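In what follows, chain A forms one complex with chain B and a second complex with chain C.
Our next item is the complex of A and B:
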């Protein structure tokens, strides 16, 4: 397994062509992602967060700029992505879904079954190995997707608003579990959200995107010890500060 | 049932065959009161709303409005669902007029209230757009406007803006409070989000896990607009969270 260090995002710009009209989405984005850090990208809808994520994931090419890690480009096997809409294979059981990335890597049948069971246990889905995605709840589906991402055993996990479709309480439970999993097996995480409370609960550091075209407008380091309490005064103070900047500047423009 | 209750639930019970989902739920709500209902995920809130809206019959128990059996033919019961339910073939303005036209309200009243809703919910410029041409948050506002325009006896709201951006949440929460005062409607607002419940409600009905019953009713005596960071606020939020926390 490769060991990936800090990641440098350098001068990323991206525009799209809409009926001959050029629309600039990202402009000159620069930041670092530290090894084993939980980094949250926060921004309003349509600010280009997902576009940036796709560029980091190498799904989409930037117009200019580059993403480097130890002087090299990131490779497909270095990272894994978790989407809002789970993206599970509906015709495969939970266990088979989690086995999938290992199957692609050529891991033996016994070995990958053993590993997949371990990862399902990590996300507390023991006993659901043979259930199909349609038979379990949204929160459980997302846990299968997280187990599958872990099963790829890559160094970098990218989350694109994974809990956006869940109700507030299921979200709290998933956030708690995600931190627990991340603390037990540290990886570099980049997590997109448009929920400030979620950002403050999860992040080591929050990077705020805003403007049109989007650029980085603010950065917050969150130093509250974990597990964090959402109604703690220090927590609320940071949340409010981010809200004030986001709502009362043009960052949240809808 | 107390004398001045606008809406009363009396022993509402729902069974699906042998499965008891709602167990003997009773409460009174005063005219114009804003009540939030919270409970753990999967506690049967949707079943509860479907009974209150008279979409489903209760197995036993009654819902009373002004002391009479609630009857959609007689009483105005409006419902703003979680999923956007603006009619896709009607414009924003036509959507808001729709409910009032169904109730055969006089034309002047329909005109007046439509303008008021468009103004309050900042939909004036979008009045001639169809739902597919506007954002999700605007569509939620259309549904909220359509519901309040009826000045309903009872308005049921099922997390009508669970998926919105922060800015719109604040905006809509304040707009909903304002509309409920202005129209004098009695509102039952169901949410998973305890902070939202404490921000909005005059009283908060806390439900238990299935079979669902009323665990407690919390009175929230804080002035509006409420400060979510204040100690009084977080104390109430923590107390309600403790009743239902499962995560």
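Our next item is the complex of A and C:
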């Protein structure tokens, strides 16, 4: 397995064609993703966060710019993505869903079954190996999706608003779980959200996208020790600051 | 409660059915419809039992008629499935395949299968291959359309998951798109089977020497309504049985779609 270092996002621009009208979504995005950091991309809905994520994930092509890693183009096998709506394959059991990425790497049947069970254990879903996705709750589905992403055993994980569809309580426990999983097996994480509280709870660093077309408006380092408490003074202070600056910059640019 | 309710439903079905048969029997026995135009229910049953072993007056037993019809319909259906399902799937997955095939398909699609019969008879005569071809033409349409929509309806996010998991285009097609499309494909096959059966009877009515369609046609020529109705009942029941068998297959291969 290759070990990748820092990632450079260089001059990314992207526009779409809407009935002959060109709509610029991303303009000249530049930032770095450090190795093993938990980076949160924060921005309002429709600001192009997901588009940026898809470009990083190599699912769509930028108009200009590139994603570099150790001086080379970032490769697909170095990363894995967790999607908004779980996207588990409904015709496969939880275990088979988690096995999938290993199957395509050519891992033997026994080995990948063993590994998949381990990853399901990591997300605390022992005993649900043979359940189908329709038989489990939304939070559990998303945990299976996280286990599946981990099972690819790549260095970079991308999360596209993974908890957006969950209720607040499930969401809190999922955020806690995610940090626990990430701390027990460190990876570079890029996480998209439009929820400030979630951003402050999870991130080592927050990058704020805003404006039209979107560009990076602010950057925050969050140095509160983990596990974080949402009603902590320091937590609330940072949250408020981000809220002020993000909202402010939105007014200025848009 | 539940068992009682089920029992009641069965009882009501039996009452409904027997009153239907009773009214039918009465109408003919009382001479409201003359005997040479309509046979009473009991006579149809007697004819059915007799025809299991007796080839008169139409030249074959009902089992021979059924097997002839079934083998032709089934061959046409299988050919339609083997060509229609992959074709529809390719049209759904690859826009070039769609561009090549779609226009011609859209032009041919609205032509009723029966309208193909004259040209097929000119080309292939009235033999078995002609009938198989007619059935193929009829059955291929729903197979293509449903396989096409089945693939088209695969949510983009699944394809993105595939890409994100490092799957090749081919793997995405075989491991994500095809399983996801299977329930729709089965819906298509079920419609294909129905159309195949309908087209078969139409083809046999026009030109054949054996088969259920031929049997009811001879019944008309000889003015024997009991033969016609026996044939019709066998046609109806076999269609229902085949549809049911396909349903079992569907349960086996596409069970995830059931809630």
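In this text, the second predicted complex is superposed on the first by the 248 of 254 C-alpha atoms of A that agree within 3 Å, B and C clash if a C-alpha of one lies under 4 Å from a C-alpha of the other, contacts with A are read in each partner's own complex, and residues count from 1 in each chain.
We adopt the following convention: a contact is a pair of C-beta atoms (placed from the backbone, for glycine too) under 8 Å apart; a residue touches a chain by one contact, two chains touch by 3 or more.
Model, not experiment: these values are computed from the prediction.
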item: Touching partner for A:100 - first (chain B), second (chain C), both, neither; value: second
item: Contacts of A:132 with chain B and chain C, given as first, second, both or neither; value: second
item: Touching partner for A:85 - first (chain B), second (chain C), both, neither; value: second
item: First, second, both or neither for A:246, with chain B first and chain C second; value: first
item: Partner chain in contact with A:196 - chain B first, chain C second, else both or neither; value: first
item: Which of chain B and chain C A:111 touches, first, second, both or neither; value: neither
item: Contacts of A:164 with chain B and chain C, given as first, second, both or neither; value: first
item: Chain B versus chain C as contact partner of A:76, first or second or both or neither; value: second
item: Parts of chain A lying in touch with chain B, wherever the complex brings them together; value: 44-45, 164-165, 167-170, 172-173, 176, 194-196, 231, 233, 236-237, 240, 243, 246-247, 252, 254
item: Touching residues on chain A, where the partner in the complex is chain C; value: 54, 57-59, 76-77, 79-81, 83-85, 87, 89-91, 100-101, 104-105, 132, 134, 148, 152, 158
item: Residue ranges of chain B touching chain A (in the complex, touch as defined); value: 40-41, 135, 137, 159, 162-163, 165-168, 170, 191-194, 196, 228-229, 234, 237-238, 241, 244, 246-247
item: Chain C residues touching chain A - in the complex, by the definition given at the top; value: 155, 157-158, 160-161, 163-167, 171, 176, 179-180, 182, 254, 256-257, 259
